[in-house]
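Down below are the structures I want you to see.
Okay, so chain A shows up in both of these, paired with chain B first and chain C after.
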Partner chain A sequence: MTAPAPDTVGRSVGRLDGGAKVTGRYEYGVDASRPGMLWARLARSPHAHARILSVDTTAALAVPGVRVVLTGADTLGYLASRYVRDEPLLALDRVRYPGEPVAAVAADTQEAAEAACRLVRVEYEPLPVISSVEEALADDATVIHPDWASYWVSPIIRRPGGNVVSHASLRRGDTAALFESADHVFEDTFEVPMVHQASLEGRVAIAEVDDAGVVHVWSSHQYPFGLRQDISDILHIPLGKIRVTVTGVGGGFGGKLYAGAEPYCIILAQRTGRPVKLRYTREEEMIATSPRMGATVRLRTAVAADGTLLAREGWIDYDSGAYSESSPGVVSVGLLTLAGPYRWQALSIDTRAIYTNKAGCGSYRAPGAPQAVFAGESQLDRIARELGIDPLRLRLHNAVRDGDLGPTGQVLNNVSLVETLQAAADRIDWDSAGAGHLRGKGLSCTWWTTTGMPSSAYVRMDEDGTFVLITGATEIGTGAVTAGVAQICAGELGIDPADLKIVSADTGTTPYDFGAQGSRTLVQAGNAAIAAAEDLKSQMFDIAAAKLGCQAEELEMSDGEIRHTNDPELSLSVSDVARLGGTRGGLLGRGSYEQPPTPYDADSVQGAMIGAFNIPSFATHACEVSVDGATGEVTLDRYVVAQDVGRVVNPRYCEGQVTGGAVQGIGQAMFEEIIHRGGHVMNPNFTDYKLPTLSDVPHIETILVEVPSDSGPYGAKGVGEQAIIGPPAAIANAVRDATGHPIQRLPITAERVWQSLRGPGTAS
Partner chain B sequence: MVSAQAATSVRSFVAPDTVVGAIEQRHRLGDTAIYLSGGTDLGVVMRRHLVTPEHLIDLSRIDELRTLERVDGTIVIGSAVTHRTIELSGLFVGHAEALREACATVGSVQTRNVGTLGGNLCNASPAADTAPVLLALGAVVEIAGPDGRRLLPIDDFFVGYRRTALAPGEILTSIRIPVPDAPRGSAFLKLGRRKAMEISIASVTVRLDLASDGTIAAAGVGLGSVAATPVRSASAERVLTGSPPGPATWDAAAHAAVGDCSPIDDVRATQEYRAAMVPVLVARAAGIAFGRARSNA
Partner chain C sequence: MSHPLRLTVNDGEYLVIAAAGAYLLDVLRDDLGLQGTKEACAEGECGSCTVLIDGEPVDSCIYFAAQATGKRITTVEGLGRNGAHPVQRAFAALGAVQCGFCTPGFVVAAAALLQRSPNPGVDEIREALAGNLCRCTGYNNIVAAVLAAAGSQDGDA
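This part shows the complex of A and B:
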């Protein structure tokens, strides 16, 4: 769909929801309410791992205003987690992480619900706590899921047993031979902690059951159609009896892709006959919702004397926490990102997700990638340093180019890595003489996918000629729907985007969309909107052609007019068309888009749910730091991101995505870490979970590179996730350049840098 | 039957306009009453149900507690003066730069607009940013209670982990910083995980008064986040007093200061790192304080 772009594309058009947001009128999930609504709250386990001996709800039920208290016994067979159904809605016989729900309360007030939760009496018998991947993999480790063999598992996933959730592997070429003959072999290990999406708005939902038994859910969610399927699968309710309406979303970042608060609201609403709302507190968010998996990454890389990368062996053990959630998908992303955007003769990579007694992990902007890329790109700098090759030259020498094969054999097209490398290096003045004592520069390169899967849209022309875009896509704050897709659709209709109305993200009224995930919305929902607009236009042209006495193919539409291409005098206004016979109830255009899967060498991988990156795009991060030699404090002096976005649809929001991603990545590089002790989160608040503040990040210098894709709207590629991947390695490389000491563990705190400065033996 | 715990335990809120009025209210309402200043500490612990007062006595309407002035050789700061007021005041230049610096790092502008100096001290966190500054500056606090008013050197104010010398019902009314005739300079340095909205890993204040012969006539060294209370480093002060200014003296003082702290491990930093940072910050703060003292001469 690389047709010429309409003039709405490439402009920083303001988003349609902007006014309501800045004036406080926008309705988020936390603002929503229903008449007669009750409040839910979950009683949670204080233990990381324990057997449940008994549950007594008598005292909880006696709290005035409490309507119902449900326990594991009331929710038998309700199992969550999309790919390995291992997570009971309410714990029945055992709890597997601190904060696991053991009872659900609905009451007239939040206070009554909270009081009741404190009075749910549970007798526990503590079990050995598995607090790390290492402990989970020990031969005599306690098995966290003894009933594991009985769980439903989606196909493809490979499960070797013990505490391993899933295992994916990639084998291409003869790694053994290359390691044998290589001039150099480098081996390193890296550690990355769990980090949280930390959306300003946490999980929040309302459920109501109508007289016909239809469950209506309002949720702050990224993927209403996925949520509807999850609800159906978990609670065994037919899909047709569920309607999901997305409220305003106060941040998602992957944390709102699966069922969360919703099933609890539903079972409580079913029992009480009243609408029920559940809103997680910040502490609940931090202890009991799906953060990014921590990881241990081990890498061996065989390199020729001239710096040519030959072969890589890699192992990533991701800490999945107590439940699988999205980890089976994430492990396959680990395969692709640990290889990086480089040419290899052979690869052998194994990635596993491991159960531990922590909250189950999920998806977070570019799931699985930052961990792998921190390792791969850091090691690349070590290789450059030890071979005496400039890190920029080493990357340029090995970078993938058009026509190369990706790690699993996909043919790479429209490759832009070299362009981004050069743009970022130029901007940061890479070749200028070393910045001086305790100052350093660092680079990192990333590649990432534009997730495919179906999107559909309707474009409706109302009786007065007003256009309404009806899309299943979800606006989660990026502007992808309320700016990008709107600009595309309005452009195709020849109207000002501000005149387009949008209805979105409601399974009751909008057609299917695979959700706001995988950097896909602008590309896939954009393509669907183009198709729907085309369909509508052809219906309008047929009607106009009959009236004007010409052929439909001879007509074009812009500025609210349908004109003959050669004779502009021959025209009809859109509102005239709306009034003509056959259209008096308006018209409806329909469009669906699903990209064919990207071909790859399926024999090269096992257990991988994602085998190739669809419409891959590339980026380079470059930064400059200064280090305080006495305290270890790192100051980011400059930060540059050059990212290929294929085609810029809206420059302002495109830069916003790149900036926001980079800032979150900087958070993961230098500040953020969920600190556990025996499975318990020690910093479940924004005092001790350190998100960077404005004073901690420099202006992000963004360079939008445009190497068009073949199938995105006007060449667009996915934008949203990629920028979060690069910062840890770029910053670690800059710190190493400044101090001479490697940092192989995140976050790069002053204390860790100080430790590293005290000598090689203590570097961590 | 158990009653539902309300969102708040608070049943009444009073806002007296005199100190005496506040003390009377406290007497009348008893031990379930608590003084409220900006609420930036109290609000947090109440929300977590760690403190569950039934009556709030708001001190923010009491004019006396909101005055900031210099009275002869003393800067008098009412306990309800906000961090932001101090940050923006010209009163501290040449006398107590460190306090202005400390107040300017508290939380964010929003926090500083409501959070007060008195609240920071009465909350008595070992990480309270202004506490070590006032220790180093040799401040004196004025306390009002049912039996009248008393003055107390701030050294005697922090009696234990999160405990102060205030008897039940007493109000901290003002903080008094003596301004000497001799040239003085002070500096506050805070090490944290981030540059704003941060509880310090360690903080250091050094105050130097210069003698006419250029040596150090008197010194104050305060340390934050490295012991159960904010502490003063008498050892470092002894090294500094009477010594010639310069890096060798700063280093000696820095090493002496380590002995006066007993840091712990927590989620922000290890004990080892804290102990190692104290001398770094002391030496740096001393250098900055000296530079200021000279330009204040």
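This part shows the complex of A and C:
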């Protein structure tokens, strides 16, 4: 859809939910309530791995105000995790991570529910704890899911068994021959810990069940239609008896894409006949909700003397925790991102998700990518250094360009990597001579997808000519819906975006959308909105043409008027048409959009749920650091992101995605790590799990590069996730430039840098 | 044990029966229905629950309601009674709001900053707001909004 953009596009118009948010009137999940509502709370396992011998709820039920206490025996057959159904709603015979729910309580007050949880008596028999991927893969390792072979599995996923959740692989070209003949082979191993989305609003939901058994859920969620399907699958409720309404969402970042609190609310509501609300505390968020997988990344790269990349072999073992959640999908992203946006003659990559006794991992903004890219881009700098080639030139030399093939054989179009490299390097003054002692610069390059899948929209014209966009897309804060899609839709209707009304994200009232995931909303929901606006306009033009005595094709609409293209005198106001249209019961335009899947060489991969990047986009990060030689402390002096967004719809919110993603990535690079001991999270709060603040990060300098796509609205590409991928490698490379010592484990803490300064390495 | 507390919130007088040891945040949200103030950590680390006590920002999640008697409490709902406060307008206009969950805390803290320092520099803004976490924006636009609000403030606040 590369029709000329309306004049609303490319402007930093305000977002439609801005006023309510700055005044505190916006209603989030935590603020919602229903009359007669009970409070839920989950009793959780204190053990990382144990058999459950008995559960006694007598004392819990005796707490005044407690209405019901459910255990694993009440939830038989209720299994979660979307791709490998391995996660009981409430543990029945064993617990597999500390914090796993063993009982669900509903009570009149939060205090009563909490007191009851403390009184649920569970007798455990501890089992050996698998606290790392390495332990999980040992020959004599305890198998965390002895019944793994009996679980329902979605197609494509390859499961070798034992503690391996899933295994994806990529084979292209003759890696063995290239490694044999290459001038140089580099081999490195990198470690990345689990990190958390840490949206400021955690998971929270309310469920209510009516007399006919219809379930209504209100949830702070990113994907209401996926949640409805999850609920149906987990609780065996027909889809048509479930309605999901999304409340205000206080951040998601991938953490609210799957069923979480909702099924508990529903089973408790079914038992009590009352609405039930469940809100996770910050500690529950940190110990028991799906963070980003940790990973061990090993890679070997064959390189010619002139720096030409020839072949790469790579292995990523992702730590999935005790349940699969989204890991079977994420492993395939590792294939694409460990190859990176470079020309290869051959690739051989294996990525696996591994069960351990930690909370099950899920999706976090660009799932699977930062781990792989930290490794790949760090190793590129080692290669550059050892071959005496400038890291920028090495990247320019190997960067993919238009018409090249991606790692799985997809044909790459509208490629912008070189543009972003040059823009970022110029901005950071890459070639200006060494910044000085213990100062350094670093680069990293990334590529990422714009997820496809269906989006639908209606555009309704009310009796007074007011336009209402009805979209299944979800506004999770990015502005993709309340700024971007609104701007696109208003532009197509020829009105000021501020005059557009929006109804969104409610399976009861809005049409299907694949959710706020995979950087897709602006592009896919935007295309659906354009189609719906087109449909509505053609209906309006038919009505106006009959009235004006001309052809519908001769009409255009702007500023609330429908006019003849050649004779502006011949016109009707939208409200006039609305009155005419109103006699027919109002007007409704309908639009759907689903991009055809991107072709790739399907024979090159196995076990990969995602085989290609749809509308890929590219970015380069560049930064400058100084290191305190006495303490190892790293100061980020400058941070630059040049990212291709295809076409800027709203510069301010587009930049906001880039700066926000970059700062989360800086958090992963420098501060964030879920610290486990024996499966237990040692830092389940914001005091000990450090998020970046205004005193930790510089102003993020953004450069929006525009190399239009063929199918996004006016050429737009996905924006939201990509900027989180680049920071760990860019910062590690800058630190290495400053100190001469490599960093192969995240986060890059002062202690780690201090130790590296004293360890083996090359002088800078 | 519960106690009657007399609180002055956004210039209104309230009498609430609060449990001994009740935090101001819970009294504001649950007893007074002022849900604009948010909780994200409940331990004084994130600033989402920031309110003003006699004009000074405090984390209401670790501030006892009983401590607030006899003092002037201002919440996000009380900032913009004569049309939105310049800080609120700037946040909405300049992209300082994404999910918005941190926003009430930020605008309250920023309003207090501008009250004591009407024309702060970038470093002063960064320092004053370093106790407020935002997971969405990356902070660029928050700093820009506070600067813009300072510039637009004269006679407006």
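As a convention for this text, the second predicted complex is superposed on the first by the 756 of 764 C-alpha atoms of A that agree within 3 Å, B and C clash if a C-alpha of one lies under 4 Å from a C-alpha of the other, contacts with A are read in each partner's own complex, and residues count from 1 in each chain.
We take it that a residue touches a chain if its C-beta (ideal position, glycine included) is under 8 Å from a C-beta of that chain, and two chains touch if they have at least 3 such contacts.
Given the structure is predicted, the values throughout are model-derived calculations rather than measurements.
Engineer: Of the two partner chains, chain B (first) and chain C (second), which one does A:Ala750 touch, if any: first, second, both, or neither?
Structural biologist: first
Engineer: Now for A:Gly660: first (chain B), second (chain C), both, or neither, which partner does it touch?
Structural biologist: A:Gly660: touches chain C, not chain B.
Engineer: Report the partner of chain A that touches more of its residues: chain B or chain C.
Structural biologist: Chain A has more residues touched by C than by the other partner.
Engineer: One more residue to check, A:Gly740. First (chain B), second (chain C), both or neither?
Structural biologist: neither
Engineer: Which partner chains sit in contact with A:Thr687 here, chain B, chain C, both or neither? Use first/second/both/neither.
Structural biologist: So A:Thr687 meets both chain B and chain C here.
Engineer: Is A:Gly273 touching the first partner chain B, the second partner chain C, both, or neither of them?
Structural biologist: Neither partner.
Engineer: In the superposed arrangement, does A:Pro64 touch chain B (first), chain C (second), both or neither?
Structural biologist: After superposition on chain A, A:Pro64 lies in contact with chain B alone.
Engineer: In the superposed arrangement, does A:Pro128 touch chain B (first), chain C (second), both or neither?
Structural biologist: neither
Engineer: Just to be sure I read the superposition right, which of the two partners does A:Gly24 touch: chain B = first, chain C = second, or both, or neither?
Structural biologist: second
Engineer: In the overlaid three-chain picture, which partner chain does A:Arg652 touch, first (chain B) or second (chain C), both, or neither?
Structural biologist: It touches chain C, and chain B stays clear.
Engineer: Check chain A for residues that touch chain B in one structure and chain C in the other, and list them.
Structural biologist: Residues 687, 693-695 of chain A touch both chain B and chain C.
Engineer: Please give the residue numbers of chain A that touch chain C in the complex, ascending.
Structural biologist: It is residues 12, 14-15, 17-19, 21-28, 30-31, 198-202, 248-253, 281-282, 476-479, 652-653, 655-656, 658-664, 685-687, 691, 693-695, 697, 699-700 of chain A that touch chain C.
Engineer: Over in the complex, which chain C residues touch chain A? Could you list them?
Structural biologist: Answer in residue numbers: 34-43, 45-46, 48, 75-77, 79-80, 84, 88-89, 91-95, 97-104, 107, 125-127, 129-143.
Engineer: In their shared complex, at which residues does chain B touch chain A?
Structural biologist: 1-7, 108, 191, 193-197, 199, 201, 267-270, 273, 276-277, 280
Engineer: Once bound in the complex, which stretches of chain A touch chain B?
Structural biologist: Result: residues 59, 62-65, 107, 109-112, 114-116, 118-119, 630-631, 633, 671, 675, 682-683, 687-688, 690, 692-696, 749-751, 754-755 of chain A touch chain B.
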